[in-house]
Amino acid sequence: MSLLRDLFTVLMVSAGGFCFLAGTAGLLRFPDALTRLHALTKADNLGLGLIVLGLIAQAPGPLGALKLVAVWLLAQLAGATATQVLARAVRAEGRDSP
Amino acid sequence: MTAEQLYGLCGAGLVGLGLFGLITAELPLRRIVAFNLLGGGAFVVFGVIARRGAAAGLGGDPVPQALIITGVVVGFAATALAVTLVRRLHEETGTTKFDQDELPPETVKLSDATLSGGNP
Amino acid sequence: MGEFLTGSACFVLAMVALGLVRILRGPADADRIMAPQLLGTGGIAVLLLLAAATGAPAVVDVALSLALLAAFASVAFVLAKGSPAPGKADEP
Amino acid sequence: MSAALILDACLVLLVLAVAVWTIAARETFPAIAGFVSYGLLLAIVWVRLSSVDVALTEAAIGGGATGVLLLGAAARLTDRAGRRPAGIGLRIMAGALCLAITAALAFVILTLPDPAPTLAPQAVAGLPATGVGNPITAVLVAYRGIDTLLEKIVLLLAVIGVWCLTPDDSWGALPAPWGTARQDDAIVLLARLLAPVGVVVGVYIVWVGADDPGGAFQGGTILAAMWLLVMMAGLIAPLPATSRRLRRVLVAGPALFLAVAFAGFAMSGDFLSYPPAYAKWLIKLIEAALTLSIAAMVGVLVIGPAVRKR
């Protein structure tokens, strides 16, 4: 049982790490601010979600697992808002200086 | 090399970098940022000393750790006061530079500014 | 397990470092303010992995604080940029 | 070489690189973006140094309050660096001085005494008398209570200093730190969803601070951040410096702390000494009052004074 749980954690954390790799590749390769913002907030939040999923299996108890999920939900909210307001700022900046 | 020494050297480097910025930066806001960077480095050096004092089942000596928290709080208060001073200076004179010779002629000189903010 | 989780934290940190180098170079200020956002998400991941690796549940609270404050820099940046600087009228 | 040591090396390099960027960047704004990142990275450094209490402080201050303060200032201060930066001679001399200081510190770090002196056993031995389980909280509120009391007074003095910078004709006006920009619906949504959760987390951090990492300053700063967020969203107005309600909250914590400190003369014969029977409850009461005052103080320090109407 413990082995199965560890295997699940290894799989999920590795998948999460891959998402961070993809996000960074996007940051390095994408041509403008809006697409970089996309790479940053989509891939990294998915990566964080997978890592949280993997760590839930290692959590000390149901409350610890709940806290991990709360961290992920808060990060989602922050990511969604920051993307929205930053994307508007990028567009406004583009209009000011063509 | 142990992890403590690594972080200690990092703190020493940060102190040097912060001091360099504090001396050479031109704008007061940049000096405030450099001063905070220096403070962070000093706290890391102190934190390494706390970590080395790990005993009695604790991860570090709690006395320096508590002093670091106090230091962070006081550093924040000083930063807020300094930033407000610089903002007020800018509000009065349109610049935050202390070098009077570099000001454009139409800018109010510091000596003429009504820093008291009194009504005419 | 601890070694694997610490290694994963190291990998995520390396990815964050690469992204940070790209972001801080700009060109626009809006690019640069993504840095706290990147460190928010990546830092939370590193902290959660370290909490599990070292068995220190209190570290999750640090991640919780970071998650609460992750959007702050972006919001402050947009508000500061949005309002016209009062000093601008003085400049020639 | 273990994974942990590789992680430490990566982290140290990254912190140093971000610090170099912060100092070397030509424009102010990139430097501040770098500095906010530096603060967040330091939170991870503190976790690696087993100082979770300090990590919480750094995350709350570096991620929230300092970032908002510096970003607001950077947007308003319109001057840019001049044509000629500091002279090359000054730079070389400053560089030599800083290198010497770094080298001296590095020498000290590498030759620290072994075994290291520590007060940890004494701190743990005194814990039962205070009734709290977190030795750092015990140091802050009990063993070195006088430091914490003076630190709160420093914060109050900073608040008074900031208020003193109000122009005479604007005294009593509402501070408008973010202009009077239109409400942004994304920020309003964030404030409505996040603020209630944030208040709960802030109170939780104070509550667990008695036995686990956390405490009044960490929790209070998170509460202050939530107050700032609701103001940034335009849902409530900032309070003016003349508000009696605000002033009462500002002094409540330090005043209670001071009152308990003097009551120590009557109850157990010394300044700032708690009678052992009530020590735990007195400490919790002081922490609760300090939390509210700290939230107000940090909030006021970030908002700043009212500015002159143009």
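Going by the order they are written in, the chains are A, B, C and D; count residues from 1 in each one.
What we mean here is this: a residue touches a chain if its C-beta (ideal position, glycine included) is under 8 Å from a C-beta of that chain, and two chains touch if they have at least 3 such contacts.
Model, not experiment: these values are computed from the prediction.
When C-beta pairs in contact are tallied for every pair of chains, the largest tally goes to B-D.
Ranking every chain by how far its Cα centroid lies from the centroid of subunit A, the top place goes to B.
Separation between the centroids of subunit A and subunit C, computed from CA atoms only, is 11 Å. In this assembly, the C-alpha centroid of subunit C lies 18 Å from the C-alpha centroid of subunit D. Separating the centre of subunit A from that of subunit D, both taken as means of CA atoms, is a distance of 27 Å. Residue positions of subunit D touching 2 or more other chains, listed in rising order: 4, 48, 52, 74, 76-78, 184, 187, 190, 194, 197, 307.
In subunit C, the residues that reach two or more other chains under the touch definition are 16, 29, 33, 40, 64, 68, 70-71, 75, 77-78, 81, 86-87, 91. Shown for subunit A are the residues in touch with two or more other chains, namely 74, 77-78, 81, 85, 88.
Across the complex, subunit C meets subunit D through its residues 3, 6-7, 9-10, 13-14, 16-17, 20-21, 24, 26, 29, 32-33, 35-36, 39-40, 43, 46-47, 50, 56, 58-59, 61-62, 64-66, 68-73, 75-89, 91. Touching subunit A in their complex are the following residues of subunit C: 1, 4-5, 8, 11-12, 15-16, 18-19, 22-23, 28-31, 33-34, 37-38, 40-42, 44-45, 48-49, 52, 57, 60, 63-64, 67-68, 70-71, 74-75, 77-78, 81. Those residues of subunit D that touch subunit B in the complex are listed here as 4-5, 8-9, 12, 15-16, 19-20, 22-23, 28, 31-32, 35, 38-39, 42, 45-46, 48-54, 57-58, 61, 65-66, 69-70, 73-74, 76-79, 81-82, 85-86, 90-91, 94-95, 97-99, 101-103, 105-106, 109-110, 112, 116-121, 123-124, 135-136, 138-140, 143-144, 147-148, 151, 154-155, 157-158, 161-162, 165-169, 215, 217, 298, 301-302, 304-305, 307-308.
By the touch criterion stated above, subunit B contacts subunit D in their complex at residues 3-21, 23-27, 29-30, 32-34, 36-37, 40-41, 43-45, 47-63, 65-70, 72-74, 76-81, 83-88, 90-91, 94-97, 99, 102, 116-119. Those residues of subunit D lying in contact with subunit C across their complex are 2-4, 6-7, 10-11, 13-14, 17-18, 21, 29-30, 33-34, 36-37, 40-41, 43-44, 47-48, 52, 55-56, 59-60, 63-64, 67-68, 71-72, 74-78, 178-181, 184, 187, 190, 194, 197-198, 201, 205, 208, 212-214, 218, 222, 225, 229, 232, 307, 310.
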